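What follows is subunit A paired twice: with subunit B in the first complex and subunit C in the second.
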Partner chain A sequence: MKPMPRKKFEIWPYLLLAPALIIMVGVVFVPVVEAIIMSFKFYDMRYPNKTEFLGLSNYIEILTKDPQFWPSFGRTLLWVLFGVGFQFLFGFILALILNREFRGRGVVRALSMVPWVTPGVLIGLVWRWLYDGDYGVVNDLLIRMGILEDGIPFLSRMETALPATIVSVVWQGIPFFALMLLAALQGVSPDMYEAADIDGANFFQKLFRITLPSIKNTLFVTLLLRVIWVMNSVDIIQNMTAGGPAYATQTLSVYVYQKAHVLNLGYASAMAVLMTLLMLMAAVPYLRSTFKNDQ
Partner chain B sequence: MKKALAILLALALTLSFAACGGPSSASSTPAPASSTSAAPASSTPADEPSGDPVALTFWYWADNTDQSNLIQQIVKDFNESNDKNITVTAEEYPWDSGGFTDSTFNAIMGGGGPDMSTMKLQAGKTFAANGLYADMSSYVDAWEDKAQIGDNVWEMMRNATGDGKTSILPWTLEALYVYYRPSYFEKAEVEVPTTFEEFLTAIEKCTMDMDGDGKTEYGFGMRGAGGGQEHLGNFLYPYGATWDDLTTPEAVEAYKAYLSIYQNGYAPETAPSAAFAELTDGFKTGLTAMIIHHIGSYAQWVDLFGDDVDAFPVPGSDKGQWTCAGDTELVVYEQCENKDAAFEFYKYMTVGEGGTTWFKNTGKGLGTSNVKETEEFKSNKFQAVAAEALKSAGVLPPTDTLTEFINNVWAPTNQQALMGQITPEEALETMNKALHG
Partner chain C sequence: MKQHHTVKSVCKTFFGLVLPVAAFLIFLLFPFYWMFVTSVKPNAEIYANPLIYWPREFTWATYEKLFGYFDFLKYMKNSLIVAVCTMILSLFVSTLAAYAFSRYNFPGRKVLMAVFLSNNMFPTVLLMIPLYSIMRQLGLLYTPGGLVLAYTTFTIPFSVWLIQGFIRDVPFSLEEAALVDGCNRVRAFLKIFLPVLTPCLLAAGVYMFMQAWNEYTLASMFTNPATRTIPVALNSLIGQLGVEWDMLCAGGTVSVIPVCVMFFFAQKRLVAGLTAGAVKG
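This part shows the complex of A and B:
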């Protein structure tokens, strides 16, 4: 048997990849490693001379003594569950609508992207005024429709503040889901629907037997991305309520931001690492089960 | 492979968030300025400037675009008019709820940053503890116009750093006082309060339907969220309490009086989440009869209400009186190579033409003679109230943890107390611990 010729080493692919790799290492991996190292230290920039290695002290304090960590974690779960859940639901409905032929579809598609291209800071500020208890448009509409007699200060009440912020993040994220799912829907062969029609399948049968299985991978990746982004989201809550009233909207990411904002970086890093681990505990099994069938 | 890639993607995305607060964040702060200085450093204030070109970098924040243009113009005028060959480059960065001080701190710690900047007293200790401020005591002591600025102001500057040095140079002090609507007072049949008790009564009486639309207007615009801690001091001192210990019976009594305003319905229901914007909008729309704010907002009230707006200092009692001074100061950093030139610029910004122009356009200043001589000062009734309020003005104790108290503790704790989730005693205990450790 003739031996296989030895493949010649090519330097060019490595050279071409190098800039991207260097940037990735520099702006992602080095800071990540630094953050992990910092999480084991007393690292408060207000006291630079007191920086010292603490071992697991930051973690122990967060998990056992910090009165805000676990409540913030609980609120984060609600924030992600309802935030991403409703984004998916309404995004999917929007994608199904946009996947149909109708007059002015291009305009509707373009307009539906507006929330997604609006900066989170602006979304926070806009919704803050929409919800205002004294002059907000939401209250004004509800009063005019006879649903309310007096305005509700949505962002000032414990029971309404978190749901109000969730509505804002849902509004922001619907277009992303719609865009991703629409792209996936357009890859589903019309032949399958025709065959289903011939077999007499109804809308729900086609939805659950053809549509959802066909876009499953896109759906899972989109969900995962949004879970990560929504969980890490600070801008909307910080600008709407700054975590208030009385911690009612303080999620973990907002808590981390606030700790880091006063330069207590060691403690904030430890919380961020814990948050990452908690997220990975959900994300890894999710990914394993999602792509199990592909292997 | 797909699985590995997906997990890697998730890991990178999530951990990149964790990295946001790292030391590398200095790279995301404003780009370090090129603070070059052509002149040699001078060690004593008595030295005559050499006349060689001197370049200084000055970082500042502006409250609005008008002030932004104004500062640029003042700096331009200084560059053109000074006879010491000093050129100041003014660079603007947003205040960003205190982000300015963090960015400046990170920039200097990272080896960049300006020669001078605007600054708040509340950040004094952090900068001083790290040796970032230049000690300007000798310059101030040798300054012929030092006496134009009150001794209590210089004392305030020294206390802010905690090291006894004059490192922070006063520029603008805006003592808080009460703006009120005379027409509301007339309708509620109350006189301008002269005691704290009368003040509380006026708040109660002014809570009524003022415009006949069937809805209640409120006596007091309460700032329950960000910035509201400054107003707490107005309540503490008349009851004999101080910032030094918030757990005393006097402090509890004062805080109960504060909370009762909201709990009795004399402040809008939005008060727990009200910050600056909500506070001023409430007054702007006629929802509230009184708000506590400083001279910086008088022009908009006069534009809106004409003669139907007036002011009085927050009253005290025989036990005490205190109001918070909102401040914007100037600092020279240790890394500045020509402190003589920096102090020349400071003088121009206070007793010089820069200070006069600043006052004429903003109503802000230190009451120095160049300011008092202007027609704008003499004809403005709010300036007299501001000057009166300044006599009992102070700042929150500049403890190591003040920033954390202001940014992370005050609002949620106060909100919990306002909503009755925790007792006043518990709230004050939390605040005291956050403030004093």
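This part shows the complex of A and C:
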């Protein structure tokens, strides 16, 4: 629906926006500016009297000297690409299944949403328990199926740790994709499929010509929200592996989190600013489309 | 021929529907089953080889330990206070803001909308650092109020967006009729608009409650042992010698149940709002 046409200057909208705006300025904009200022400083809570202005040297150190920055950056890309990619794939399949009429559909839908409402800490820790080298279910099942001979401590091996954490973030994200895409699918008119059936279209033609174009907007926003959330996510990795073994699961947000925890705030801020720039690149198309739609 | 057909269709439903549904449900729900089962097993069965999938002996001893010496109720109370305050504060300010955005056309509307939407993009870890030092200066560090304010950094932008999605579905003619009848804007908002929107606001509230109840990253920085919320308490079960799995699984079970129940009641409306936001916003 279109907003009311503008007549004369009104004070109401500004008054209504004021409380939210004041809070946002206080908890977001002032801190962001503060973070940018801090990123140019030596600011370490362990040496409270030694705060000094450094210029760009935090950034230079991160980009050229820090042995962990670029590997973490690469892992962040893998974590988001595979994490969100598989969430989308399986979430879409689940949405297609739930879009069919069958008895007990409501129950299945409600039950399949539970991972989404589970705290990230718990997801990290329960999956850590499932992956356990001695008493873990994953190993037990793989051994029973004859795929493995002996249990693998998935989370303490360099090559299996990151894929293992990705599986758990996929598990967390499937419901959100399924829920959003299902709602979008239910808005697609059945007439279009009937017409396609008459024309003899096959499953894939219908998928690519009707289904995907119809749910494009929802798909786009869902992908973007998940990319932001998954990139930001600290709790799952922090509780599963704390970034280990030997940094094998350390993403940028986990790295910044750990640096902030040891109270090296200037350095951590600089890294967080770099991470924000990375996220803004993902967000620009989203903001642009919002503006376009609002015309 | 007919016989053949039914066999074929039974096969089709089995492989096309029953099997995939079962596979998804097992994958998505098994971790919860395992968590609950671990929480009611005696220690000898938790650490048994081969694994015991169906406990032979049920015990509530872990839950006694959880509420006894671990004092889990204290953390639940902390979480409840923070989640309820976050929910009320964000609902109040976001509803007003969303109403302004969707019912008025005013200079600066677009810029302000972009400001709110772009708030979603700042990583938690970016805000966490300056908030920590600001709260320390203001004496808000380690208080529930400080944590609530920190949570509004993501609940307000998101719920403004969500509630705008809901408002779009409320026809403007409803308030217009009231205005024509001589109601002023405030009365029209309170008497006509708000009652229509209430179920949607409750759904948005559930979402915000859930976010605050589950949040770990900020809570781990902004709480101390006295004000700790559930996720931080669960994290504290990671010890030097490994995780106390029995306690973790019991605490996990207790903390997941309330949000699940709330979510089941709110899910339909919540999704309607999320997708309405997605279509245009």
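In the analysis below, the second predicted complex is superposed on the first by the 273 of 295 C-alpha atoms of A that agree within 3 Å, B and C clash if a C-alpha of one lies under 4 Å from a C-alpha of the other, contacts with A are read in each partner's own complex, and residues count from 1 in each chain.
The rule we apply is simple: a contact is a pair of C-beta atoms (placed from the backbone, for glycine too) under 8 Å apart; a residue touches a chain by one contact, two chains touch by 3 or more.
What you see is a predicted model; the values in this text were computed from it and never measured.
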(request) Look at where subunit B and subunit C land on subunit A after superposing the complexes, then choose clash or fit. (result) clash
(message) Contacts for A:A184 in the overlay, against subunit B (first) and subunit C (second): which applies, first, second, both or neither?
(response) second
(message) Contact-wise, after the overlay, does A:V117 reach subunit B, subunit C, both or neither (first, second, both, neither)?
(response) second
(message) Quick check on the superposed pair: does A:G244 touch subunit B, subunit C, both, or neither? Answer first, second, both or neither.
(response) first
(message) On the A-aligned overlay, A:V138 touches which partner chain: subunit B = first, subunit C = second, or both, or neither?
(response) neither
(request) Would you sort A:L155 into first (subunit B), second (subunit C), both or neither based on which partner it touches? (result) first
(request) Could you look at A:P31 and tell me whether it touches subunit B, subunit C, both or neither (first, second, both, neither)? (result) both
(request) Could you say whether A:V80 touches subunit B, subunit C, both of them, or neither, answering first, second, both or neither? (result) neither
(request) May I ask you to decide whether A:I97 touches subunit B, subunit C, both, or neither, giving the answer as first, second, both or neither? (result) second
(message) If we overlay the two complexes on their shared chain A, which of subunit B and subunit C does A:I174 touch? Say first, second, both or neither.
(response) second
(request) Name the chain, either subunit B or subunit C, that contacts more residues of subunit A. (result) C
(request) Kindly list the residues of subunit A that each of subunit B and subunit C touches, one partner per complex. (result) 28, 30-32, 34-35, 38, 134-135, 221, 225, 228, 232, 253, 256-257, 260-261, 265, 268-269, 272-273, 275-276, 279-280, 283, 287, 291, 294
(request) Under the touch definition given earlier, write down the residues of subunit A that touch subunit B in their complex. (result) 28-32, 34-36, 38, 45-48, 132-135, 153, 155-156, 158, 161, 221, 224-225, 228-229, 232, 241-247, 250, 253, 256-265, 268-269, 272-273, 275-276, 279-280, 283-284, 287-288, 291, 294-295
(request) Would you mind writing out the residues of subunit B in touch with subunit A in their complex? (result) 2-3, 6-7, 10-24, 98-99, 102, 105-106, 109, 125-126, 129-130, 224-226, 268-274, 278, 281-282, 285, 287, 400, 403-404, 407-408, 411-412, 415-416, 419, 421
(request) Flag every residue of subunit A that touches subunit C in the complex, lowest number first. (result) 1, 3-6, 9-10, 12-14, 16-17, 19-21, 23-24, 26-28, 30-32, 34-35, 38, 90, 93-94, 97, 100, 102, 108, 110-115, 117-122, 125-130, 134-135, 137, 140, 171, 174-175, 179-180, 182-184, 187, 217-218, 220-222, 225, 228, 231-232, 234-235, 238-239, 253, 256-257, 260-261, 265, 268-269, 272-273, 275-276, 279-280, 283, 286-287, 290-291, 293-294
(message) Help me check something: in the complex, which residues belonging to subunit C touch subunit A?
(response) 17, 20-21, 24-25, 27-32, 34-35, 38, 46-51, 89, 92-94, 96-97, 99-106, 109-110, 112-134, 149-150, 152-153, 156-157, 160, 168, 171-172, 185, 210, 213-217, 220-221, 230-232, 234-235, 237-238, 243, 245, 248-249, 252, 255-256, 259-260, 263-264, 267, 271-272, 274-275, 277-281
